Every structure is written in C-alpha cells, then in structure tokens.
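Working notes for the structure below.
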Amino acid sequence: MIPRLAISAIAVAAFFAAPYFLAEYHLFQICLISVTALVVLGLVVVTGLAGQISLAQSAFVALGGYGSAILTASWGVPLWATIPATAFFVALAGFVLGQLTLRISGHYLALATMAFTAIVQLALIHSDPVTGGASGMPVPPFRIFGRTLASGGELYYVVLPTTVFLFLLVRNLTHSRFGRALAAIRQSETAAEAMGIDVLRYKAVAFAASGFLGAIGGGLLASLSTYLDPAQYGITQSVYFLAIAVVGGMSSSFGAVLGSAVFVLLPNFLQSFQSYLGLVFALLLLGFIVLRPEGLASLRLLRNALVPAAKSPRASR
Amino acid sequence: MLAQVLVSSITAGAVYALIALGFVLIHKGTGVVHFGYGDQVTFGAYLVLIAQVIVGLPFWLSVLAAVLLSVLLGGVIYGGFMWPLRNASLLARIIASLALGTVLREFSRAYMGPNAWPFPFLLSPTAVSIGGILVVPANLAIVGVSLGILGVLFLLFEKTIYGKAIMAACDNRIGASLVGVRVSSVFLAVWVLASVLATFAGILVAPLLTLSPDMGLIGIKGFTAAVLGGFNSLLGAVIGGITLGILEALAGTYISSALKDMISYSILIVVILVRPQGLLGGLTIRKV
Amino acid sequence: MTGALLDVTNVTVRFGGIVALDNMTLNVARGSIQAVIGPNGAGKSTLLNVITGLSSAAEGTVSFEGKRIESRTPHARTRMGIARTFQNTELFGEMSALENVMIGLDRHHSYGIVSGMSHSRRYRQSETSARQQAQDLLNLVGIGDDASVAAAALPFGKQRGLEIARALATRPKLLLLDEPAAGLRATEVESLNRILLKLRAERSLTILVIDHVMALVMAISDRISVLNFGRKIAEGDPQTVRSAPEVIKAYLGEKAAHAFGA
C-alpha cells in the first residue's frame, strides 16, 4: 500500500507533465472525461448514494451551460464566475425538484424527472431571442487571468483542478455522517427517519448536489464544445449519463471516472462504426444492468490496485 | 370551430390511448413499468419498414413478418431480461426497461439512419367532410383500433380464466404458483401480447407522426395518458389518452401551439403530484 | 395533563373502513417500564406508529413531556427523545453493525458540512469518539464482537440486539420496543430483561414495550395495558392484569374465562 502523499505527489507531477507529452487531441479527451465524470458524479450522489432515480441530469447540464453562456454574453461577466454562480441557482432548482420526493418515488419519480428534462429542453428551443432557439448559440470564450483558454490543452488547466477538487469534496462527504445518512436513506427510509434523519431534506439536498455538479459540468462542457445545441440536452442524454454511472459503478465516485473514461474513449476504437456508437452504449448499459449492476468499480482487482485503502462506509463482503 | 378542434384532437388522443394501453397491459399483467415501450412501438414500425425496404416484401407480408418478429422480441425481452431481473431492485428494473428501449431505438437509428421515413397509411389520409366537420379515415382507424383492443383486453381480463390467472400471477407470484398458475408462462404471454400490440400501434401511428428513431418519445405522452387514467385501468388508459389529446388541443389553440408539448409535460407533473391515482384510480392503503 | 412522559389521549386511528385504535388513552410515567399486550390485530403496532408519527390519528392527541406532537414528523419526534425498534428489523443491511449504530449517533456530532468536506481535525475527533460510543453500545447489548459484520449477515437474535443498540444511540428519553423478544430463546429473553432493567436504572430510560412473550412482560413491567380490537380492556400491575377476566377472555375465549373462576 503506497502512502497517500506519494500518490498525490505523483498525480500532481503527472498533471503538469502531461501537456508536454500528449497531443492536443488527447488533452481534449482528458478534459471531456473529466467534465463527463463531474456530471455523472451528480448521479452518483442522488441515485447511487441516496437511491433516488433521476433522469434530470441532462437538464441540469443544459441549464449550467446555457445559463453561464448567456450571463457572460449579456453582461460580460467572465465564465469562471458565471459558471459557479449559475451552478448555485441550478442547485436551488434541484432542491425544489427534490421536494417532489415527498410525494413520489420509483417509477413516478423517474417519469417526473423525465418530464422536467423535456420541459427544460423545450423551453430552451422556444426561447429564440435569448437562447438562439433550435439552432443553438455559440459559447463565449473562456477568459481568466487576462488569458483566453480555447483549446483542450488550455482549458485543461481549469477543468482538471476543478474536477479533482469537487471529487475530493464529494468523496470526503461520502465518508462522513452526511454520506452515511444518504446511504441509510437508500437502504431504509423508515429506519433513517426513525434515527432522526430529516429524510426529505437530505433527498432534496442530494438533488441539489446533482444539480450543482451537473451545472458545473455543463458550463465546462460548453466551453469545451464552444457551441450549445439544444438537441444535445434531452432525455436520451440523461439515459446516457445513467449508462455511464451504471457501467462505471453507481455507488462510487471512482465509478464516475471509470465509466466516463470508457464512454469517451470507446468511439476511438470504433472508428468505422461511428453510426453504431449509440447502440454500443445502449448494449453496454443493458448488459451491465442485467449482469453486473454494481459496475466496473466493483471489480476487486481494479479496486485494490488503484484506490488507496480508505475508511469506507461499506462493510466488507 | 371548437367542434373541429375536439374531433381532430381525438386522433391525437387515440394515439396516446393506444400506447397507454400497452403500458397498462404490461403493468397490469406483470407489475413492470416498461419505460422503453414507446421505443418498442417505433421498432415495430421499423420492422415493417426493414422488411419492405431491405428485404423487398410487399406491405402486407412485411406487416406479417413484423408481427411474427415482435412475438419473438416479446419472448426475448421477457426471457432474457425481465425474468432474470424479477427479484432485482426497482432501480435496476427501471434502468433495464429504459435500456431496452434505447437499444431498440439506437438499432433503428444505426441500421436505417437518423432521418425520417415515410410510412404508408392503412386507410385514406384525405379528410372527408361529415356534417361540416373534417374527419380523416386514417385517424378513425386509430380510434377504432384503440377501442377494439380495449374491448378485447377488457374481456380477457374481466371475463376469462386466463385473465384472472394473469392478475393472480401479477398480484402474488408465489400464491398464484401454489394454486397451479404457471407464472412464467403467464408473464411470457403478456409480454408477447404487448409486443404484438406495440407493432400494431407502430403501424397505425407511424404514418401520422412520420417514422424516425425518436418517434418513441411519444412514449411519455402515452405514459401521461396511462397515469391520468389510473395506471392499473385499461379503460382509464383510453379515457386518459382522449383526455390528454383534448387538453393538448385546447391548450394549443387557446394558449400557444408551440408550447403544446410543454403544457402536456406539466400536466403530467401536476397529476403525479396532486392525484397520482389518476382520474379513475382508487387509493390503495399500504400497511406499515 | 398528567405528569407522565407520554400521553396518548382519546386517539382514534382509521384505515379506510377499519378502526385500528378506538378512543385509546394511555399514559407512560417517567422512569417506568410499561408493556402493551393483546392478541394479534389488537392495534399494538398502530399505537406505536401513532406515537412515532408513521400513522396519523383521526381524533385525539399525543403529547410528549407535556408538548403536543401530532403534527411533528417522525424524525422530529426522534430528536425530541423518542426512539423505536421495528418488529421486522429495519436495519441498514449493507452497513456493518457499527455503522448502523453510528447512524443513530450522527446528529450528536459536532462537525458540519465544511468539516465534512475537508475532513478537518474536528471531523476526525468526532468520528473517533462516535466509533467508540458505538462500540460501547454494541458491547452493552452483547454483540461487541460483531462490529464489522454486515447487518444483513447477522443471525436473527443479534439483529434484534442491534436494533436496540441503534435506537439507544439516538439518546432517547423514551424507548419504544416493538416485539423485541419475538423469536428469542429463553436465555436470550433473560439477557434482554437484564439489559432493559439496566438501561432503566443507569440511564433513567422510560420504556414502552409491545410483546407477546410473557417471560419478558411479566418480569420487567411496572404496568401492563391490554388491548383488544383497538380498545384498552385492562390496565394495571402484572398480577392484576394476569387474573383479570376480560384479559383471559380476550386471549383464551369465554369458556376459559369462566373456567378460571369469575
């Protein structure tokens, strides 16, 4: 077992060294994986940890991307400020959405979150003057410290630290009484309530967290893709994020990274079969949910090799 | 004017009702909520298309081929996915049904392209004036078929021993099997039936909506209709569908045509929150 | 208002057409151990659910420490000091026994979200202390060695004990036990009796227990209330209740009541 400090040192060194060894394309892919992992981390919190099915993630991503882009384009406030600000408001929306769980769960919650995503997408398509309507809108350039970051290699310096930071926060929270409460809610809401846990508030906060993470991911993703197209933010995308969560392993933050890596890198290996990409993703989801619902992260080999032994709220099997 | 709006809206309503019937059939028969049903309806139409365009069969043979293939599909869905997952968590089952739908949709997109295909009408698509109101025979077919299927399923569930066996199997797997009901056969039959129903629905609906991989999104509307009618009621599915069609048409005419869909989805959220048992459903008490 | 810790006054609970509790009045004195017995379907679990907030009363009031609590959510009542165990154990199956108990202790932690995110010293100290307290509670109910075993993997008797340890972790003033002795062997019942009496003595805990097992009820109760068909048919100390004709009739029928000599 390598001491944690050594791993951190190696990671930091790798972070700074990578741009010298890797081509722009690869750096872009790394950024894409990071950003996707952030979005999926939101699902890990609300669905994997708290056990609440949510198909709203794509709506949060849309709101984060559009919201920050519009604020920057209209008022000139830089993206590095509008993205977190928007994320805060999206978190609020998530909190309100989470209040739904007072009355519904399971199928109806899935349905309601689907409807939410559909409504957000339609709202974006029909708000032409502000959002560019069905043809979408360009994303303002990302300016920070007087520089403009355009390529993957440049956004890399913002995307990766942000991702790592948020991942650390979430991981720490998972291993605290807050993570325990969510796990309790997932396993038995009745008992959790009897233990003094305000179940409704925790579920709403879990939704808020998924909204926040989705929006930050959405904002950064928008900068990477430089264009916002409303067709990319529908229920299909929510299922896509869910697929990544399932394949990677829904109950761990590491799973979000694993799944994102698989889904972002897979197209590289399917060069001639680009049109079958969606089918491959769907088959992966189907295969995993039937055969290995805990996802890739649950494979012992991967776990012991890559994750330092930390106190986990899960009992050993 | 209002009368015209209402008559036209009944078409849309019948489409929703047809899909809602499939949802309710599966739920009533097996207890599963099949989120991928809308995509299965689309896939049914694609099967006909593939038989026609790729294999070169004439239309009616293609329909036959599609129906036979959908029987097979129903069996595969049940045997390969629903039965193995019968004891899995609710989350896993919801995701599995979503995944199934996505697989069917993406296959259609990959194999036949992302663009829309024209699909032949079964009855005439030209409007006929009856008493000053325009009526389209093709649309009437949809209404007629919906009612017909409703009638058949209603008789099945209420009047025959097979229907009772299905309800028993759905209600209490172990109990039903103890009294001699072969639960797995029952569920298989329901899934096959629903699969065939999906293909028929697809054939009727595709000409109206134009066939594309994303036609399956109509599933949410069908879902809304089923929820409106109280998810366990076949009659409710039809009434819910018609109601939704009328509400949508009224909203489209008097509020905004562009926002029509948004209004439907909002109706869904409101109904789920305020009256989850639907317009017709009864409240069930759960013992803690 | 009596000076009791818990007052259930004229409570009626209906489920559709069924009257589960009919004008029920029950008072639990501070520091006492009170039992509620009665045939199956008598309304005992409903009584517990009304007290903890899982069911609502159509009529009547429930007061704890003199304050009305009918409108409070279950988790708010737990925070006031009412804890319960469940008849069909509702343990957090995937978590270890220790973690199950730690959940109960969680709201007594001194660290907030920021410390939770940063794993500050405050967090570490709080977690270590909680871990120790949880272990102590597990030792108290006799499952100290099973701290790292997943709750779902524990044998039935130990799961019962874990339910109690977990409820105790919330630092209750009133402990509600839902059939804690069901399915336990005689020796286990005796050890449960000892634990409950010890809890009352050392932590000045008030206990309301529902059960059928007379070896528990008769041995530790100060007072017993007997329910049948949602109504209270007898109440008093163990000796009085055991020979009351209504009670014998409810359990064994009319003839037996005569046989026992009225």
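The letters A, B and C name the chains in turn, as written, and every chain counts its residues from 1.
Here is the rule we use: a residue touches a chain if its C-beta (ideal position, glycine included) is under 8 Å from a C-beta of that chain, and two chains touch if they have at least 3 such contacts.
Remember, it's a predicted structure, so these values are computed and weren't measured experimentally.
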item: Minimum number of chain-to-chain touching steps separating chain A from chain B; value: 1
item: Chain whose Cα centroid lies at the greatest distance from that of chain A; value: C
item: Innermost chain, taking as reference the mean of every protein Cα atom displayed; value: A
item: Geometric centre distance via CA averages, chain B-chain A, whole Å; value: 32
item: CA centroid of chain A to CA centroid of chain C, Å; value: 42
item: Gap in Å, rounded to a whole number, between the CA centres of chain C and chain B; value: 48
item: Shared-contact residues (touching 2 or more other chains) in chain B; value: 288
item: Chain A, residues touching no fewer than two other chains; value: 190
item: Residues of chain C engaged with two or more neighbouring chains; value: 54
item: Footprint of chain B on chain A - complex, ascending; value: 47, 51, 53, 100, 103-104, 106-108, 110-112, 114-116, 118-119, 122-123, 126, 190, 235-236, 239, 242-243, 246, 275-276, 278-279, 281-283, 285-286, 289-290, 293
item: Touching residues (chain side chain B, partner chain A) in the complex; value: 33, 35, 80-81, 84-85, 88-92, 94-96, 98-100, 102-103, 105-107, 109-110, 214, 217, 220, 223, 227, 258-259, 261-262, 265-266, 268-269, 272-273, 276, 288
item: Touching residues on chain A, where the partner in the complex is chain C; value: 169, 172-173, 175-178, 180-181, 183-184, 187-188, 190-199, 313-317
item: In the complex, chain C residues that touch chain A; value: 52, 54, 73-75, 78-79, 83-84, 86, 90-96, 99, 102-104, 106-107, 109, 111, 113, 115-119, 123, 127, 148-151, 166-167, 169-170
